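Next up, some structures in structure tokens.
The same subunit A turns up in both complexes below, where it pairs with subunit B and then with subunit C.
What follows is the complex of A and B.
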């Protein structure tokens, strides 16, 4: 089938709403804030935010496509930061041990989340709400027990610093490169490999997917491991970047990742969405939170914009999805 | 005569202390439609789940082509050619026709070092397969399944099962949610599947639909087989009575009659 470019075809894609939202936000801030946030220095401010959020938002979005939610990422970010800081900072052990333990913790919590969801059939919102608090409590308790403090310094040098917590091209965090690599990998995984088809099938109808021979349980657990490990990774990189870690913080990642994912056109109940959409959604979110600094508005207004944006995006995405559902190609001539 | 494709002998199934199936024996041959009739809760679903490898029978045997088999799971049953199509087609409303057709068995092609989903092949095969069942309205594999009518979805699911090499097609109330015209369409597809030499197990509680396509009928009541007969051996009324538990239905009808007789004058 040789299909030429069509506007209708573009609008029926899951990322259509996200792209329009991004364009609208860009226009809005260009008018009110000038174009300085599109220059290199300005760009790095929102690209850094987008990258940090985006690494978490994509696996959270994939879980949503598969019909699950993971809000424990809010606890995994500080957990990752504290783990690497306590092991490699407070205890003075090698940084690679800290990194391995942090990622190991991410895998472990993801396994627990995934297995609990699969085995108990309790909604994943509740399961991960439980692990959110459990991990928070554990991190606070252990940190105070080991270090007698809620913040720990971490000094990193060499390859670990360059790879995980440094700046490239001046103001840009190395996380941006991780984010772009991760996005490319996820695009392949979700939209081009056959596993992606399984994720969509699972979100569309879990029982049918299982009957079709898809290992739904293993796939669910894998996705939970991905999201919590990604969150631990982000926390770890932040600790290495800022040379310190705090027990508090990280909660904002819960809502921010969900907003990015939903603005990006993922259906909250699963079965529909795209990685590129989440990518656009994350950038849109980051521009709104950072672009406000380039305008004359008080920055307190940014939450209002995000709230309105979220509602508009959902309405728009619903409209596009309905259009995609009812779409039938026009028949040429009589049949 | 050839051995039946599938034969159940004295299948019992209990969940803990609760007996669900009691000594069920059934058989179905290639090119034959077996209608499994029964009221809600009669055990129809348990029978088909046992056939599809979801449940293991507590006792009794399943034979395929005369050999005793034990399914290790749904995938094993599917590999042996048993396919189940559920009421809503078991398709995914927000996936494209091509993608949902190949869930679990996606065709891939090489793209550099990567294996990628072969959308073009998937769409072509899916559209061709469903058109062979007379659904000519479908010609674009990129359309979302949710945009199809209920009958078209059933056709898509049946075409999928046939394409993937099903020899036994289990249809779980395929016409229950459909209008009259759509149901007729699905019944025609059932007959086409039979003509291709598939063994079809058709679950329904619509006696008219069963009589239209069935060669062989089995009625389940409370987990036991209450009747087993061939086409033309029983009338529609007899079957309806059987399904509802016989006398109970006659009593109920008499009761309803007395109600309407008593109430009609008041209503006017």
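What follows is the complex of A and C.
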């Protein structure tokens, strides 16, 4: 790979447009949100939200690149929170057992989702819609059966609290570090290993990908396991951080993760996108939703402002991508 | 002989009549088995039942199996109670459009009806029910706002994670009216639906608002789960010492915070009292003709704070809180 640096090449990368959208909303809130928005406390406001969402958004985005969808993450967040809280809070068993069971549940649901999608011809939207309700029902039923309540307290101390549910530098959730590590790992696997090429090939044309010898079924199952385990992980960390878990909630993660992925430049039709783009898209979404609180706008208009800004970010991203992809540099002799 | 028979029949009839007038058989309609709230109500009526049984009566708790076919199922339970020939019916008027005709039929059939938990005093008067036992969201909110004022808070923020929902809006409106009535300031922070159920988004929204307005010294949330997020948000804004936290409803984590003095109070509608008082009042009206002048009977707001936390916690272990 003997690629020399070129601005056109850089701008043609899928994440360039997403970065542009991010910079735009950052400038918007720096103007209307004042200085406190850019101070540590203000930055942690959106970084914490972005991290919680981002850990889920990247595997959801990879599934979308591969042409699939996982909406059961909305049930896996409270499922992860309740599992660790019931085992380590209500039953008083060691926290490590609660963590292992929670992640195991994530793997199990992911396996079921993946195998159902691969073995049946049912679209993944419908399969994961089914598991969304099934997991919600199971969590509610088991929680009430075991604890006679829909809310369970959890007290965690020591290493588990420090690693999973605490703050670093006073303001940043430890989740931010997990998010950065996960992003780095995904960047490596998707953009610097053959695993990544397979994912893109699958989203482009699944049949051809399989004919070319790509293990599409194993790959699909792996991606579903990643997304549901990530969602269970986030729910678990939230329970440890907030010392409590509720059966309800978590559904907002479905829409929020898909929005972040699309704002990050992934095509809804699959086959195009990047991990860094999703990373930027998640930050954009978090800035837009949390930045409102640093402005003087009437809070009743929050949803309207969020909607308009997100639409603008995507429009900018798309227009820019089309311009960049159709841009042809003048020939300067041989390549 | 004929005369003897007639006397015998008259006596038998008198016995039947008197026993039906003296021994209240009561049906109580309630929410599903896996709804924790309705299990606390059950504890209340279970505790009331021995007294009613001692007077020859009985209590029958008719519960919804689930909420999938809500209004028709509730109406069916009312019809079941009518066909069981009960003397009294305790019924939450959740969906008045669907339930009211059936409730009127029950009253027309000679059944004494008492509204519990849902419906309100006006509805009880309109239908001809003997009373309403339950809470009032607005009154509960006012109590929360006044509690803040009584503890020195001057600027209270009501975190509304479900803007537009009528009973939640009533809670926040009550809080604001309560604090402003005592000379303080109150406002609502409506959160967009993107943050509902995402504890971090709620916590960060509260943190940001506290950083923007340093005069806010009271925060109240509309649910126990939101209070868990608010506690972290206040901590992250470094305002634990100055900004007091209150909430509607309670969970174990919130009670732990009240015990540790990191949360000021929780507002409870006290479902135990709803089950206990509704059943007792109705049985007493049927058996002894009592008539309570207090109308409606409000079981909430009950405020849980440091002064009664120990008793509350022991109530939790007994399933009454």
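Basically, the second predicted complex is superposed on the first by the 297 of 335 C-alpha atoms of A that agree within 3 Å, B and C clash if a C-alpha of one lies under 4 Å from a C-alpha of the other, contacts with A are read in each partner's own complex, and residues count from 1 in each chain.
By our rule, a contact is a pair of C-beta atoms (placed from the backbone, for glycine too) under 8 Å apart; a residue touches a chain by one contact, two chains touch by 3 or more.
These numbers were taken from a predicted model, which means no experiment stands behind them.
Asks: By the touch definition at the top of the document, which applies to A:242: first (subunit B), second (subunit C), both, or neither?
Replies: second
Asks: Quick one: subunit B or subunit C, who's touching more of subunit A?
Replies: Ranking subunit B and subunit C by residues of subunit A touched puts C first.
Asks: Is A:327 in contact with subunit B, with subunit C, with both, or with neither (first, second, both, neither)?
Replies: A:327 sits against subunit B, while subunit C stays out of touch.
Asks: Have a look at where A:209 lands relative to subunit B and subunit C in the superposition and call it first, second, both or neither.
Replies: A:209: touches subunit B, not subunit C.
Asks: According to the stated criteria, A:227 is in contact with first (subunit B), second (subunit C), both, or neither; which is it?
Replies: neither
Asks: Going by the contact rule set out at the top, does A:293 touch subunit B (first), subunit C (second), both, or neither?
Replies: second
Asks: Within their complex, state which residues of subunit A touch subunit C.
Replies: 36, 41-42, 44-46, 48-49, 52-53, 77-78, 140-141, 144-145, 148-155, 167, 171, 173, 175, 238, 241-244, 246, 248-253, 255-256, 289-290, 292-294, 299-300, 302-303, 306
Asks: Considering only the defined contacts, which subunit B positions touch subunit A in the complex?
Replies: 52, 74-75, 78, 84, 86, 90-95, 99-100, 102-106, 108, 111, 114-117, 120, 123, 136, 139-140, 143-144, 146-147
Asks: Can you tell me which positions in subunit A touch subunit B when the two form their complex?
Replies: For this pair, the touching residues of subunit A are 1, 188, 191-194, 196-198, 200-201, 204-205, 207-214, 267, 271-272, 321, 324-329, 335.
Asks: Spell out the residues on subunit C that touch subunit A in their complex, using ranges where they run on.
Replies: 34-36, 39, 163, 188-201, 203-205, 207-209, 211-212, 224-225, 228-229, 231-232, 236-237, 251-254, 256, 319
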